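The two complexes that follow have chain A in common; it is paired with chain B in the first and with chain C in the second.
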Partner chain A sequence: MTLSRMFYLYKRLYIQQLKAILEYNKDFYILMCSAALTQVLGFVFLWVIYDRIPDINGWQFWEVTFMYAMIFLTEGMGSLFFEGTWRLGRLVNQGELDRYLLRPVPVVLQVFCTGIGINGLGNLLIGGVIIWQSLVHSHIQWSFAKVVILILLLLTAVIIRVSINLAGNSAAFWIRNAGNAFPLMVHNLADLAKYPVTLFPQAVRVFISTVLPYAFISFYPATYIFGKSGWSGWWMLAPVVAAGSAAAAYGIFRYGLSKYESTGN
Partner chain B sequence: MPVVKLKKYRSIANRSLQNVLSYRFSYVVTFLSNAINLLAVYFLWAGIYGGRETVGGYTWDQMKTYLLVTFLANSVLSWYSETAISGKILDGSVAVDLLKPIDFQTARFSETLGTSLLEGGISTIILVIFSFFISGLALPHSALVYVLFALSLLGAIAVKFGVVYLAALLCFWSTGSMGIVWTRIALTNLLSGALVPLAFFPGWLERTALLLPFQSIIHTPTMIFLEQAGTLESLKLIGIQCFWGAALWIAGKFMWNWAVRQVTIHGG
Partner chain C sequence: MSIIEARGLSKSFMQAVKEPGLAGAVKHLFIPKHIEKIAVQPLNLSVEAGETVAYVGPNGAGKSTTIKMLTGILMPSAGSISVNGINPYKKRMENAAQIGAVFGQRTQLWWDIPIVESFSLLKDIYQIPEPVYKANLDQFTELLGMNEFIHLSARKLSLGQRMRADLAAALLHNPPILYLDEPTIGLDVSVKQKIREFIKKINQEQQTTVMLTTHDLGDIEDLCKRLIIIDHGSIIYDGSLSEVKSRFARNRVIFFQVGVPMPELYNLLSQTPGMKLDRQNEQEFSVSFDRYEYTASEVVSRVMKHGEVIDFRMEDANIEQVIKAVYDGNLDLNQKGE
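Up next is the complex of A and B:
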């Protein structure tokens, strides 16, 4: 199947979901606002702390807010365009995946389009504003190359995030009826990357740079953007990490799928 | 009759306790998530205190204690209560509850107490273990403080239940619960002092937060445990908790009477 065909199918499936979600528009607004509010309150937390102290471990306010917002922004992208990964548990437990297996469309594509998390729009909006403000308030020497690299890093960040979501939710193939508890735990580990990894012990740093590479979403891009010496060059690994996590997540998903036995009802 | 009535609700509490036990996996994972979060917050604060004696009037030793007490107060009432009540309303099983000759609010409160007992117990054990590895915790010495602290935790449960219950009833009006649950969690975390002690807030925000019920959930237990409030003031704070617990309970009654008239149940 060609890439353009994939995009076409994705678009068609996505629009169908969009129609469904627009039916319940009260929910739509509540979800969007609550996601935005959650993020704003987290921002208030940082603001309250920085009101008392000038820096944490050498990191300034707007540098930390950048990392914080990157985590939320990628979460928003994940919810808005790949929410289906979170429905995988239900698809497996209720045997609904059978339907997907019968269609001549890649299963992972159908899973992606199983739903739309409209809350992502709130995250995207507030996350975007905070990132923009962070960039404006920090004295950055802009160049064409820097802009291109920033966009590249945003892209790899989204890929990494979605890959981890897919891998985490694939646990549903092994753990029956556990609800979303396990993927949620994986998801919550992203909290560690909201702050500079230098705060954490070595083991945690290695963990969020390799096993669950959340640090490549927030910390390593920040070291590049804000020109932190001592970490220069590390961001170049981001595309490698993105490709690696995408491949690993797809591998885990395929392996899980091969273990899938329908619920039989 | 009152004894028979109480027995009914006790058996509901018992049932919900067994429910947690049979879904241990979810509970353990949720608990682990909270523990990870605690670690993240712990190291963040360690970084904030790096090279500083006091921040916002708290020493690092006090802050460590603050974080642990917050963790305890938060986990005493977490897993079951966050989504279960709204879930009942959304999936329509509230229809069955409407037919039962028991009070909906009291029944949900019994369930909450049932799980709280277990969650609180486990959290306490883990915290005691954890505290062996942390040096310099600011533990109170007088037994009276522990008694007052235990009372304030009960007060915190009552107030938090009130907040959760009112938010859950809003689901009669909306069709999804996640938005309401997230908003409630975010607001509670900030205004109760779970994210950062209220003393860190700018003056106007601190004053506002102290007027709201949320502060009874985290702020009060920590004030008492860190001995920042004297005996008399502690009693006053517990009194405020009782007030909010009662006020929210009554508000819940009113809102329930209004909400059941909104009930729309899809399918059977």
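Up next is the complex of A and C:
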């Protein structure tokens, strides 16, 4: 199946889902606002800390804010466009994956479109605004290349985030009736990457750069944008990490799918 | 080569064994115990293009599991399948494009989307050419009487409406193969009839190969020429339906209505071996008999000797009793007929 056909099908399924959600979800605004509010609170918290300690390990307020916001933004993209990964547990346990397996459409694609987390819009907006603010407030020498690379890093960040979500949720194929506990834990580890990895012991640094490469969502892009010498060059691995994460996640998903047993009725 | 071909196909599931109660659940957490449940024993199956096959068996026999392997939902534990030359598990998408499937227990439709929109989504998914889509949509809407509910979302439909929509959805892309797993479960007589007529028509007009599981033997008699019976995961009969009927539906029943009661006949009949009398009232009764021992005319002439018969009718061989006897283990269809 060609890439353009996959995009087309994704769009078709997504829009149908959106229509259904707009029709049934009356708490749309509440969800969105509560998500936005949570992020603003986190931001205020950071601000309060930096009011007292203006520099953490050589990182300024707006620089950490950028990392913080990258985590929101990718989370927002994840819930807005790939929320379905979080439904995988239900799809597997209720045997609803049967329906997807009967259609000539990649199963992953159908899983992605299973739900839309409208609250992601809140994360996306606040994340976007804060990133923009942090870029404005940190005297950056802009060039065309820098803009292109920033966009590229945003893209790889989203890919890494979604891949980890998919891989984590694929646990549903092994852990039956377990709810979301495992993928949620994996997801929450992203909080580590809201801060400079230099704060953490070596083991944690390696962990969030390799096994769950959350650092490539926030920290390594920040080292590039804000020109942190000592880390120069590492960000270039982001596309490799993104491709690797995507491949690994897809592999885990496919392997899990081969374990899928449907249900007895 | 047959359109559906399975060799040594089997499937087993790991089923968790938990002792009852909280203690059992905790114990299972630390020392999980599983047993291997063999749902389908290695079996061979060939279905020719255009055939209508009934795949029946008691609850838990392995029917749905077989269908799920044939459709590519489940990976077989062992054995090979070829559907139109395609391995349904390895080439899932290619296979999906050439089959239609209805699982009566569960809808394939989008829950929150109006049926027409689901259909148009399917049109894009299966890349159905516009003229084909339009013709099919019009024809199906008409034949299945879907006009009254086609604008509602699946969640609002009654069971019978939903089943009709599901059937139409499975056939929009003119698949050469159609799998139906209990397509008439829980439906009223008239909707059942509609669905059967529809399937028959599709089979006749497009030579669609139909494989159907059901507990409604009316479906079988109406639709299927071939009968496959599976029990405890093994196929115990595979052959033509009419043969089963002629060989094993041995019991015939004749209903009589007579002018005056005939006590001595009643006495005589109830003492005749191989005949069974069942009296509805003074002037109406039925005689069931083994048609290998007596002919219908023998029975009728015997009754007429005793008095005036106003009316009589004969009931056709009944597949239901045969199947029931097989399920109960009282009949082996593979035994040689007398």
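Here is the rule we use: the second predicted complex is superposed on the first by the 263 of 265 C-alpha atoms of A that agree within 3 Å, B and C clash if a C-alpha of one lies under 4 Å from a C-alpha of the other, contacts with A are read in each partner's own complex, and residues count from 1 in each chain.
Just so we're on the same page, a residue touches a chain if its C-beta (ideal position, glycine included) is under 8 Å from a C-beta of that chain, and two chains touch if they have at least 3 such contacts.
Keep in mind the model is a prediction, meaning the values are calculated, not measured.
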*So, A:D98: does it touch chain B (first), chain C (second), both, or neither?*
second
*Examine A:L192 and indicate which partner it touches, taking first as chain B and second as chain C; both and neither are also allowed.*
first
_Contact-wise, after the overlay, does A:I49 reach chain B, chain C, both or neither (first, second, both, neither)?_
first
*asked:* Per the contact definition in the header, classify A:A35: touching chain B only (first), chain C only (second), both, or neither.
replied: first
*asked:* Looking at A:A243 after the superposition, I want to know if it touches chain B, chain C, both of them or none. Which is it: first, second, both, neither?
replied: neither
_Looking at A:S262, would you say it contacts chain B, chain C, both, or neither? Reply first, second, both or neither._
second
*Is there a shared patch on chain A that both chain B and chain C touch, and which residues make it up?*
24
*Which residues of chain A touch chain B in their complex?*
24, 26-27, 30-35, 37-38, 41-42, 44-45, 48-49, 51-53, 56-57, 119, 175, 178-179, 181-182, 184-185, 188-189, 191-192, 194-196, 198-201, 204
*What residues on chain A touch chain C, complex-wise?*
1, 8-9, 12-13, 16, 19-21, 23-24, 95-99, 101-106, 176, 258, 260-262, 264-265
_Which residues of chain C touch chain A once you look at their complex with the stated criterion?_
13, 16, 64, 68, 71-75, 92-94, 96-97, 99, 101, 103, 105-108, 110-113, 117, 121, 124-126, 153
*Which bits of chain B are touching chain A when the two form their complex?*
25-26, 29-30, 32-33, 36-37, 39-40, 43-44, 46-48, 50, 52, 55-56, 174-176, 178-180, 182-183, 185-187, 189-190, 195-196, 200-202
